[in-house]
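Each of the two complexes below includes subunit A, the first together with subunit B, the second together with subunit C.
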Partner chain A sequence: MKWQKLKFYMTTIWAITIKDIKIFFRYPINAIFRIVEPIMWITPVYFLAKSFQIGGENIGFKLFSGTSDYMAFLIIGSIIASFVSAILWGMGFSLKNEMDSGVLESNWLTPVPLLVQMIGRSIFSVIITLINSLIVAFLVWLIFGFEIGNGIVSAVITLFPMLIALYGIGFGIASLVLITNNANNVIDITNYLLNSISGNRFPVEILPRVILAVSLALPLTYGFDSVRGILLETNTLLPLYQEQLILVLFMFVGTAIGYFILNKVEKYCKTIGNIGHY
Partner chain B sequence: MDTTYESIRVSSKANASPSILIAIVYIFKKELTQFLRYPSWFVSMLIWPVLFPFGYVFTAKALSGPASSGINTFSALTGTTDYVSYMIIGTTMWMWVNWMLWGFGSSLRREQVLGTLESNWLCPIPKTTLLFGYSFFQLLYSFVFMGISLIEFMLFYNFRFTGNPLLALLIIVASIPSIYGIGFIFASIIMWVKEANSMVFLVRGVITVFCGITYPLAILPNWMKGVSSFIPVTYSIRSLRAVISAGARIGDVRTDIMILLLFGVILMTLGILAFNYTQKKVKETGSLGHY
Partner chain C sequence: MSHYAIEVQDLKKEFAIKKKNVSFWKRRKENKSFVAVNDISFNVNKGEIFGFLGPNGAGKTTTIKMISTLLRPTCGKILINGLDVQKNSMEILKNLGTVLAGERSIYWKLTGRENLKYFAAMNGITGKKAKEKIDYLLKRFSLDKRADETVEKYSTGMKQRIALAKALVADPPIVILDEPTSGLDPQSARNLREIILEFKEEGRTILLTTHYMEEADQLSDRIAIIDHGEIIALDTPKNLKRSLNKSNTITFELNRWNDVIEKELQQIKSIENINSYFDENNRKWEVKVQINNGNETINNLITTITNSNIKINNFKFEEPTLEDVFINLTGKSLRE
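Up next is the complex of A and B:
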């Protein structure tokens, strides 16, 4: 019985993924911009970094971070940040799209738990982000140039629990979208805030004390920090194994809290009947 | 049957005395009502002015180093060591353009998705009225947004005006026709390609890369400098920085203001022509409601 249920859920996730693939390729210009857009974000920061260089090197930056290769620092931050965005937008925005198109209520009437639907909505987003990140990293390497070390496998292993934990945050965001009926702002602000405070573009040590305290309380900070520590041998906030442990703990706690919130909000929305409102 | 149809047609023609101004006011009211319906838009209006420059300001701080050694290069290129004001002015202009693009792109596209665009199109008013309605709402939003931004910059980033605030306002006003001209062209393209997101990413991406939002244009290769000289936002940012941070007077920024006005005339004309052409085409092909 359990096996049958699992099979049913997997079929549902597969069906949602196929639907997302079809929608994605229905708008081919979208696919192109998934690659062009990150480069457009990185370019001004590249020129910003150049305008602070002394003798072609970011000497000042090295004193903070331990590396003068700001582009490598930035590209690692951008790749991790793109996964955060993929999960948040994949879960939250698809809900809003379905709300607008008027299919959310009928989807909720299917005998598939909301949690499974949410996971389904994020799968394609994560896959396309992975492909996208590799292409973008290659193009950025070609255009701007950067160097990373040999620890790619340990970096991926370190990142894995963080990605799972992000699903917890994704559930929380989806809950907010259901309550506020406004996806763009909720996701955009959360995404930008989380990535910025966690140090996607700079070492968090430079933040003012109050913001630094918030940053250090976010497990995402240790995700950015540890991967850079492994690949670029930058100065890390804590010993690497401690940061990795924090990420594993975050995986359990984050998903449990996210799931709990989503369940509560689902019940609330069903009670007040606002699912189809927009 | 034919007689009934004819009588309805004749009577609707007789009753239809469309006032363009009233139509604009109603579109403005509709946009305002929708905006007020979602309080989180207001929250975002409060948060973004502080949040968006945040990443750039702290990136600049990190790049300048603990003893601010990197600031000398930046200062030599920009003429200022105040990188905070420098980033704030650039990012505020970017946010304005970004909001305008999303507004124009998503308002028509959203009605296409919701299925109300065709019925709006049947109204006996010039279709550019729709764009002007959106524009006036956008203008109101932009001015409120800039007012809030200014207060927040002073509170959170210790931002201070060196130059004349009225001259800064004049530059913003001179930028309006060119920025909304881009918006009109943009709205026409959206109706063709039926994909707002990517088009917003493209146009704002070009502005992000070429207009010196966060960096001095002097650092760009020559071909990029050439491209940036064809984008009006470059002149808005340059003159605003000169006035706000360096205390430039009207004589110093007169050329930039004239260029902005010239861009305004060209882009506004192109925008209206593009929109009229597009509406004719989508009527012929019957693709107005497709998405």
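Up next is the complex of A and C:
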């Protein structure tokens, strides 16, 4: 019985992904933009980094981080950050879209729990992000080259619980767009908070004390930090194993919080009746 | 197992209305609430077509959304096949095929076939079984020729049919339709009504809302008339009309008329009232006769008239309509 249910949920997640892919490519301009987008934002940052370098090394940067390869530091930060955005932005936006176009109700009328529907919706946006990231990483490596320690596998393992946690929280936050009129605000604010404060483009040590405290309370900070520690051998805030432990804990807490918010939002929407037109 | 498909007990829905009175100095927030559905109860028998008839804003959609789990009732209880909607929503959704009003319930960027495939999978139907089901539905709803065009290119009638096919994809025993024919041209509306009758023949239970009284009358086994969130009458269309105690009216167009015949007609027992009027322009008599026992009198009436050598040019038989019932109950017209 349990197994059948799981199989059913996998079927629906697959169906949602296929549907998202089809719709994605029926807006060709949008599709092209989403794929080349990361190349567009990485370019100016690269030249910025380049301009601060002295003799090929970024001295000031090295004092804080322990590596002078700002480019690699940045790329890793950006890849993680784009996963965060994909989960928040992609899902929140697609939810809002479906709500505005009226198909959200049709989905809520299927015998599939909302959580499973949310997982389904996030799959495709993560796939796109993965493709984005690989393209960027590859291009940058091809043109400028940077060295990565051979810790790819342990970096991925370290990141895994964090991504799960982000999913959890992401579902909750994405669902918040259903109860505000402005999806973009919710997404922008949370995205900014999560990414910037936890240091996707700079070592958090340079933050003012108060903000640093907030930053250290965000598990995402340890995600950025530990992965850089592994790949670039930067100095980490805490010993690596402690950061990894935090991320695992975060996985449980994060999914629980996300699930909690999602349920609340669903109840709220069904109480005020805002997801359909009336 | 309950022998009712749907049971609704003391159902109520209150919406909060946030009214912000913003002045420069103080901001007062008044929280008012609006009762959209007020304590309604009714049961839908298995296999019947149950019509929900009411004017705009009566609370029809709100009720339907509560039944189909999209809205949480403020209080009251809904059972579907004996199961509580609040507690078993996923189980219940497997048994419900709901089509909400409006044409936006499917993906416009997907083709008709892709839509059905998606919603079939969302109900756990995949592979060969899904394909057969989808082919069947596309054919049945005359969409097979354009199944591979995106829905945005469909006409309103086609969009409505694909939405209907979507609701039927999991073969639900209960079908809920919110204003199924609104916005359709007469021909498409007629086709759709035929489809709804077919659903019934297949043994499904149908709950539909409408504000077209003819539609409710023609389709429903029983009708609940709803106004301002309350059910003000519930019966078969026949009984509702009979309850009016209104007689039928027959209007004759005759070439002549006089008091003698009128007296003679008055002898017929079930004739209540006779009104005659000479139409100057068309040079003919219009005579309205009210009878109270239906069809038996008609024969008698016509014989009497023709025996007096009067020629009947035309005649019209009028029964009371649900519109009359509604006016009688609320003092206003359904169309207002």
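The rule is short, and it goes like this: the second predicted complex is superposed on the first by the 267 of 278 C-alpha atoms of A that agree within 3 Å, B and C clash if a C-alpha of one lies under 4 Å from a C-alpha of the other, contacts with A are read in each partner's own complex, and residues count from 1 in each chain.
Following the convention adopted for this analysis, a contact is a pair of C-beta atoms (placed from the backbone, for glycine too) under 8 Å apart; a residue touches a chain by one contact, two chains touch by 3 or more.
As the structure is a computational prediction, the values presented were derived from the model and not from experiment.
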item	value
Which of subunit B and subunit C A:L109 touches, first, second, both or neither	second
First (subunit B), second (subunit C), both or neither touched by A:T11	second
Contacts of A:E233 with subunit B and subunit C, given as first, second, both or neither	neither
Partner chain in contact with A:S101 - subunit B first, subunit C second, else both or neither	both
If touched residues of subunit A are counted for subunit B and for subunit C, the larger one	B
On subunit A, positions contacted by subunit B and by subunit C	27, 101
Parts of subunit A lying in touch with subunit C, wherever the complex brings them together	8, 11-12, 14-16, 18-19, 22-23, 26-27, 101-103, 105-113, 267, 270-273, 275-278
Complex contact set, residues of subunit C against subunit A	15-16, 61-62, 65, 68-72, 90-91, 93-94, 96, 98, 100, 102, 104-110, 114, 117-119, 121-124, 126, 150, 166
Contact footprint of subunit B on subunit A as seen in their complex	27, 29-30, 32-33, 36-37, 40-41, 43-45, 47-54, 58-65, 70, 100-101, 180-182, 185-186, 188-189, 192-193, 196, 200-203, 206-207
Subunit B residues touching subunit A - in the complex, by the definition given at the top	38, 40-41, 43-44, 47-48, 51-52, 54-56, 58-74, 77-78, 110, 113-114, 193-195, 197-199, 201-202, 205-206, 208-209, 213-216, 219-220
